[in-house]
Amino acid sequence: MSKEYLLKVKNLSCERNYKIIFNKLSFNLYPRNIVFIDGNNGSGKTTLLLCVSNILTYSGEVLIKKGIDNFGYVGHRNGLYDTQTVDSFLYFWKNIYNYKKSYHSILEYFNLSRFIDVPVSSLSFGQKKKLSFARLIMMKSKVWLLDEPISGLDKKTKKIILKLIQEHLSLGGGALATSHERLSYFDKKKVTRVKID
Amino acid sequence: MSKEYLLKVKNLSCERNYKIIFNKLSFNLYPRNIVFIDGNNGSGKTTLLLCVSNILTYSGEVLIKKGIDNFGYVGHRNGLYDTQTVDSFLYFWKNIYNYKKSYHSILEYFNLSRFIDVPVSSLSFGQKKKLSFARLIMMKSKVWLLDEPISGLDKKTKKIILKLIQEHLSLGGGALATSHERLSYFDKKKVTRVKID
Amino acid sequence: MLKYFHKYANPGKFLTLALPVRKIMGIVSIGVVTVGLIFALFLSPPDYQQKETVRIMYIHVPAAWMSLMIYAFIFFSSVVFLVWKFPLFLILAKESVTIGVIFTFTALLTGSLWGKPTWGTYWVWDARLTSFLVLFFIYLGLKLIMDSFSYSSKGDYAFGYLALIGGFNLPIIKFSVDWWNTLHQPASILRTGGISISSEMLIPLFLMAIGFLFLFIYILLVSVEINLKKRKIIYYKNKPDN
Amino acid sequence: MIKLFFLFLLKDFKSYLLDSNKSWFAISFFLLCVLIFPLTYGSSVDLLKKTAIASIWICALFSNLISLESLFKEDYQNGVLLQYRINKIPFSIIVITKCISHWVFTGLPIIFFSPFFLIFLSGSSSDALGLFFSLLFGTPLFSLLGMPIAALTLGATARGPLLIFLSIPFFLPIIIFGVLGVNSFNSGSYSEYYLLCAILSISIVILPYITIKILQESLK
Amino acid sequence: MIKLFFLFLLKDFKSYLLDSNKSWFAISFFLLCVLIFPLTYGSSVDLLKKTAIASIWICALFSNLISLESLFKEDYQNGVLLQYRINKIPFSIIVITKCISHWVFTGLPIIFFSPFFLIFLSGSSSDALGLFFSLLFGTPLFSLLGMPIAALTLGATARGPLLIFLSIPFFLPIIIFGVLGVNSFNSGSYSEYYLLCAILSISIVILPYITIKILQESLK
């Protein structure tokens, strides 16, 4: 078991603007498992995700399983062009990720089909977030980095997202998630909690 | 009682991009009371707040108590300049709102004192949100419009914010809030629920 | 080697090491510049062509050399910072900028004052002068970018990379006189074919150059010391209170 | 209200002076221009002399055009404009202070430095007074005309191309009358100045009002 | 990898052609310039003739300067750049396609239209070939040099002015050598062209690489 980790974080420390954000964190992410990162506002959850994806410089080790060469990400900034329409947004990323199927079923799934010709700037907050999940689905990455995936979503959508993550896990993927809401949805055995203070 | 409303909304309908978002909403906001706007993503909660503050064109009536000539607002877009430091941000709004006291106690309250010289762009999501609440406090408006006030905040901060709203209500103010999280904090008798679908 | 480097790239170590150097440089530089000035203004002969105006040379040439040298120093410090991330080198580079601006301005000013009697004009747009003016602007740009990222380490990298990109200008300045026929004098001292200038002029010139160099080192060390001490204050202020 | 006005003016001024290098903008751009013209025209003094006024006007136009883009953009994007609106801070104050500070930091430095640049470029100061007056009437017009255009571009999907072509016809007459005005100033004919003045006074009355309306619309 | 390259190129081209005003920007700016020069220089044909080349170069410089600001800004602000990085989409592709599309929509139209403008301004086409070559070597340099500077200033206070101030020193030599090159082209001396070529070839190798590094740094 210990050999087939997706992600192995050992003694990770990070400094931003000459301030130490966290010190010597260690945890592993195994397939079919999810790691919850817990901590107060400003404790460094987002920073941790950025360290794992090698955007910030850190000290310590982040080992990624061979063959995994990208991460899926959903965060506060959605990565949407305001002037793009939903359709052209999805079409662009579909091509980038080489997603073969049609994305209309995804839109259906998120209840966004009506908005296919609407520019992103006229979507509501939750709808934008759903769009960035649509991109995540098309990407088919093994490891998902989710920065407060369900904040600002309604109950139904929350459930959809949690089911989505569950499915992703059941297919052998893993996820690193932060959230201020209780996520009691997942099997306790599959959950690792990491506390930052 | 019926005469001393802060806000009286009657048959409010709103159209955006030639689509009707909601139709004939009516509710009253009394002092010391809070109105919760409930609805799924994209149902028009944010739109309703914008109608009430007369930014969008609407049909129907929005009556505001005489003497109330401004609203406090906290929403998804924080209204912060990325390059401003926390100090200069607070100083600017303090002057605009003619807030006489020092804002250092507010910073203390939100546990942000350490960040006084930090530019807003290097704050975490929650810290930015707290800053926009700091502005709200300085404004001393009777009516608060809160668009998902506690999403993305940690437990302790959520409590602080709820207490803040409670205090505001107990001083005779009123609030219009949207949220996807349960807000069972308030006295049931003081809460009006408005459902949009 | 790198380990040794690491030891002295440590700001604290650097300060203790630099203190005696700073004190010596302070005294020596003032002495050398004074002697150099006496030589340059009174003891050296006037040029047979340019008469007394040649004395501008003793300011102009060392100042021009210094501005090129300081930029080279900034360039290499920035590279070291970008590659190995030693913060000390960033501080060294940043503190050199203001001194560089002053030397560059001096060289520009004396050069154009000298140009009037010798070339008949204050300014021409030839390769040497233009590229040197560009150097001046790059210095100013470095100065500007230092203030444009308040309290953020992002600015450090912006500074480093700008210094890196600006480095292309140095060889252009240096070799502009060889590659194009410009009005400006080609190199007569720092060149491959050996020195071609009389020793009576060479001595004060070198005295001034060495004096300027020491002066630069002195000012740099002082400002680095101030910077490090200020940084410590900020560091303690920002330390998370447990 | 008046207090608020001065507050915003102060804030805009401060944001030009302290927070940022905005105040350098006009000057640095001007420096660039003034360098570029002699650089590219070579050492032909004659040429420089003749083109000096036009060059200065072109610089004025460009530095205005460039700084216009960011006039309301940041406030709009980060939600500050929305905040003002909900807080019922009158947009008139915001628009007027923005206009004034924009002019003070792009137009005024240009006006102030233009005589020096004129001398630097052309070597004579005979046109300095004419240039001064033409810029004095022309640059506020740039700021005033630019404002509604800048407000229009906020959140535009494809309004852009239209927009630039819209702004050209507005800016061109100013620059033409400005340059013509200088040329005929020494011969004692001021008709271009009167015209600029007339446009200016109409603009001062109408354009801020239109800008306010456009800004309110942009938040919808 | 190659597929991704063409995808991004296509996307950038599309974003220039369809979504926004970007593609019109350079041309319309150019148009504005070319209109302004004859208008401001009055009817002096002689003057126009002599300044034609320099004017065209100045326009090229300005339209490049102006379009630089938006080069990486949107991607940076809305988080798309972060998304690319986390998805491990190579920044080399993004930078190179951005550079190519920037040049195709600012440099290329200028090169293409410059002979017409030259004839329009100076009435003769004798310098057209020289101008063509000098712009051919010079405008890619504008794009290449502008890229790292645009990336450097992401997240800076008062980015626009800073950007312009920082690009001045790097753009100056290009415009000087460009104009000098045209002037000496007909006399058979090509030294400026060789120099531009040399700088260009070095830049093509080094600058995209530096830009990638800077962009990665900007996300920190």
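In order of appearance the chains are A, B, C, D and E, and numbering begins at 1 in each one.
The rule is simple: a residue touches a chain if its C-beta (ideal position, glycine included) is under 8 Å from a C-beta of that chain, and two chains touch if they have at least 3 such contacts.
Computed from a predicted model, the values in this text were never measured in an experiment.
Asks: Compute the shortest path length in steps from chain A to chain B over the network of touching chains.
Replies: Between chain A and chain B, the shortest chain-hopping route counts 1.
Asks: For which pair of chains is the number of C-beta contacts greatest?
Replies: D-E
Asks: Going by the average position of its CA atoms, which chain sits the greatest distance from chain B?
Replies: Measuring from the centre of chain B, the most distant chain centre belongs to C.
Asks: Can you work out the whole-Å distance between the CA centroids of chain A and chain D?
Replies: Their C-alpha centroids are separated by 46 Å.
Asks: Between chain D and chain E, what is the gap in Å from one C-alpha centre to the other?
Replies: One centre to the other, that is 24 Å.
Asks: Could you tell me the distance, in whole angstrom, between the mean C-alpha positions of chain B and chain C?
Replies: Centre separation, chain B to chain C: 56 Å.
Asks: Just give me the whole-number Å value for how far the CA centre of chain A lies from that of chain E.
Replies: Here chain A and chain E have centroids separated by 38 Å.
Asks: Which residue numbers or ranges of chain A touch two or more of the other chains?
Replies: Answer for chain A, listing residues that touch two or more other chains: 16-17, 57, 76, 82-83.
Asks: Counting only residues that touch at least two other chains, what does the list for chain E look like?
Replies: 19-20, 155-158, 162, 165, 168, 172, 176, 220
Asks: Multi-chain contacts only, two chains or more: what residues does chain C have there?
Replies: Each of 125, 130, 144, 148, 150-153, 238, 240 in chain C touches at least two other chains.
Asks: Per the contact definition, I'd like the list of chain E residues that touch chain D in the complex.
Replies: Residue list for chain E touching chain D: 18-22, 24-25, 28-29, 31-33, 35-37, 39-42, 44, 47, 50-51, 53-54, 57-58, 61-62, 65-66, 69, 77, 157-158, 160-162, 164-165, 168, 172, 175-176, 179-180, 183.
Asks: For chain B, which residues count as touching chain D in their complex?
Replies: Going by the criterion above, the answer is residues 16, 53, 55-57, 69-73, 75, 77-84, 88, 92, 95-96, 98, 135, 139, 141, 145.
Asks: Note which residues of chain C are touching chain B in the complex, please.
Replies: Residue list for chain C touching chain B: 150-152, 238, 240-241.
Asks: Going by the contact rule set out above, which residues of chain E touch chain A in the complex?
Replies: Within the complex, chain E contacts chain A at residues 3-4, 7, 11, 19-20, 74, 78-80, 82-83, 85-89, 216, 219-220.
Asks: Which part of chain B faces chain C closely enough to touch in the complex?
Replies: Chain B residues touching chain C: 83, 85, 114, 117-119, 121-122.
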